[in-house]
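Below are structures written as structure tokens.
Heads up, the next two complexes both have chain A, just with different partners, chain B and then chain C.
Entry: the complex of A and B
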């Protein structure tokens, strides 16, 4: 196995326990959410129809039928997704800083490995990508299971059945996580992964030049944004309405590739020549 | 041979190294001596490319350090370079996974010599045992050069004796060793070359055997002369 793959394997194992907790919390919370929300609706329906003597039609008129969309509006469902996103955002920083700080200085070992230092950088980035894609996949597997549980609890005449694709499309945040087309997937995830590379490079600026590096890191982040949005800015401010929307889109994609390549090249330079323990 | 040529290093406004030059040969124990803060650790970090230098050049066997060099030279810092949650066996496995020069037989031998339990976690080790594991991870590599930063710092007398014993064993034989210390007593009789540092400059570099034979002085005598003058 190449040293890069060994590093990826090592980085994954370092975060695996927390990652499994996140997966566990997501599964348990969302399943409980489906059960509780469905049961609450069923209790309400029973109360209205058997105690308040509302007919089924009147009840449905007043309260509407139950669908999976109601589950997606609850903290049970959104909470773990938010928790996973926040944890992974923190982990983008933690994956580097933990090697410098604390009692044991593992960064010595990482920088003294007989492999290109860029492999350490790429292994950390790959780990983040795998964790993100892993969580998204688990969510994708969970949705139909949760939908089936809902259908087991709520009787047919009280619910509106939605296919998994319909659930995703009618909930804004899920639509970002699970893009409708491959192009959208490339845009959302490409931008996300580009952002990870930019943040990693900014961290390496800080680790190389310390206080001065914080300024350099922030400037680099700003510069990357400027390059990324340069086609939009040029079209809006300099050559007003010069480009077709498709051209702006393609130019922006090109800029994202340039920013990513620039981040990797700069990080390689910093790791080889400027980094300090 | 490790060649350090006119190396300067600044941290902010503070000039830590002011044109340091020396060489360390294979088969010799070279000792960098000086009080805390004179730049001993910075030199070690610079040799291993763990901190960039401002000027000068560092060569290992005539080449600047590159990824392949880490199969020929190892650095044992004063803190352990493995994760606290790792067992000693995990740390050894990590080294075996990443270094072609890792010598498992030698690692097992050192494990026995230091009487360490490989199932113990690094976080639960005493300071002395942590230093021993650190030494084990460095010396079990079949490398030409070994750099050690303050190997005796803050450890008990029995661990010191055990570590000092390593210097006279086959574990060091034929290798070039650079060691930094401000506690010279434990290894005075073992070192071949002493380099006295102060405020980022080399005050004196001498062959310990020559000075013993020709002038009848110990390293500590020379240190007294140099630092008190």
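Entry: the complex of A and C
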């Protein structure tokens, strides 16, 4: 256990610098986005009301009041989120391959540690989970702060105030990151983490059998998807509408558990017996 | 373990746990801020709206056109977004959900409320199952027929029967199922492959004891549309989602022609969210209107020749068949006028007039159930604040007003003028 925890800490520290840069870029870009978008709107309002002599009511009618929705749709806001997602997706692969690259192959030392080799695999997976959830949390902390900044800049009668949950649920991409209920949060991120386990196993296939392993890895990915969706496929093609929604859901959960367990078991086997350094 | 050495990792974990749990704990209380819907009685007895459910879309203007589906009942209203994940999975018709609870194994593989028929003794199901060979054109289609004895929960009859002349049709869809004395009538809308006809309405009658097709009647057909010749449609005035026994199938055949409509009317038409099934589409004018009644007992169809005073109402009125009568309902500033027409005797029956507290701009929503007529009327003033929704329940035979009330909305978040409510369905729970 403590070996595993030490490995997690070790993996986190290896990527911490880049991770903190990601967090920093997100904070700066989104804060600037709030300030710029709000100021732009305020300038427009001032121009229309003082130069064009529009009354406040006609201005609001023509241009609408300002809400956080106008901020979330900008590149300032979405850009850093996309950057974080792409970086972490790449790191899902790089967290393994970095150990093979370079002069002295680090994986050699990792695998020689006096502990189960599976701990290396689990530690890497845990690191990815913590990084993903960490970024999600940072965004959750940022949203109310940004909302307050907006309220400081825009006067009350020109804005529509939204609660954090309203901001999230009125913007499609945010609603994916922060699902409506905690059950859905567990489902979405649970599926995501299952996918990480499957990809890790595919990577280990490649690292064990190289070119042949690429084929095996892709096949394994397809096979996992097939298992995961088997209840839906059976209900759609063979026994049409036989299962009730709740039954399909529970069967799918069971399949996800099976896929995850299968990935961990296979990876354990590959790391113990087949891995090439 | 040396905490100082691991402080970065520990910090990340604490931040994750605290923020995510705070967010989801907070949002689980958010439902307290949803608007409250209540029926306020104007007159009558509130017990008459006990089982009513009104389905609508609720929009708050401040939320940039975001809307939420809402089901309003007498004592409470539930928003789709307020349901749990599991409840949202099961988004089927209430009756289907109840059948699934009661007849769990019988209901497997069965969807679509239009395929069901229910009386005191039995629950019948009929649908067309298609077999695809090349995934483009169905190779074969057959009726799937299952009848359940509700008391013993035994399947009395279960068989499949090939759709006659199935090769002539692209598609056959079931609209209504009726059981009369061990004979099952299945009303379908067939789309032929030939180019002379667009659609045919059929009734297939099965003998349940011998599991045989007794007859395949083509009730009406629609010729293909050629340019300049107008456009024909046949509308089933029986509610297709009805599962109760029905004596008659009432069909309305309309021949329409394109007309020019001033542009300012176009906007009005577009802004509406609800259209009746028998409503004439935009830019069309009805040239010819015919009403047909098909008797499920005698398996005969006849054209109804309406008396002049009802014939003129054909375009404007809401027409609802119920038992042996057809009800013509019109609304004006004078109130709601209900005229009944008896199909068997071909005579006008009762005429009833009801005062409404508001003047509805569009035809009100009407549902006839168990001898009662439910009317939900909304006036759509220019100013949203004037918009009111009223509900009226009357006894269809005596014409007595049983209940009249007003739907009131209290929103703890925003001011009253901020919302819009688009009603599109009324149902009754038994």
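Assume the second predicted complex is superposed on the first by the 276 of 277 C-alpha atoms of A that agree within 3 Å, B and C clash if a C-alpha of one lies under 4 Å from a C-alpha of the other, contacts with A are read in each partner's own complex, and residues count from 1 in each chain.
Going forward, contacts are C-beta pairs under 8 Å (C-beta built on N, C-alpha and C of every residue); 3 or more make two chains touch, one makes a residue touch a chain.
Please read these numbers as outputs of a predicted model, since none were measured by experiment.
Look at A:178: by the touch rule set out above, it reaches chain C but stays clear of chain B. Between chain B and chain C, the partner in contact with more residues of chain A is C. Of the two partner chains placed by the overlay, neither chain B nor chain C lies in contact with A:39.
By the touch criterion stated above, A:56 is placed in contact with neither chain B nor chain C. Once the two complexes are laid over each other on the shared chain, residue contacts for A:244 go to chain C alone; chain B is not touched.
In the superposition on chain A, contact of A:277 is made with chain B only, not with chain C.
In the superposition on chain A, A:114 makes contact with chain B only, not with chain C.
By the touch criterion defined above, A:134 lies against chain C but remains apart from chain B after alignment on the C-alpha atoms of chain A.
Shared contact residues of chain A, touching chain B in one structure and chain C in the other, are absent.
Touching chain A in their complex are the following residues of chain C: 1, 5-6, 8-9, 12-13, 15-16, 18-20, 23-24, 26-28, 30, 62-64, 66, 81, 84-86, 89-90, 100, 108-111. Residues 45, 48-52, 67-71, 74-75, 77, 79-84, 94, 97-100, 122-123 of chain B are the ones touching chain A in the complex.
If you check the complex, the residues on chain A that touch chain B are 3, 6, 10, 14, 102-106, 108-109, 111-117, 273-277. Within the complex formed with chain C, the residues of chain A that make contact are 2, 5, 8-9, 12-13, 16, 65, 67, 69, 130, 133-134, 136-138, 140-141, 160, 162-166, 169-170, 178, 180-185, 187, 239-246, 249.
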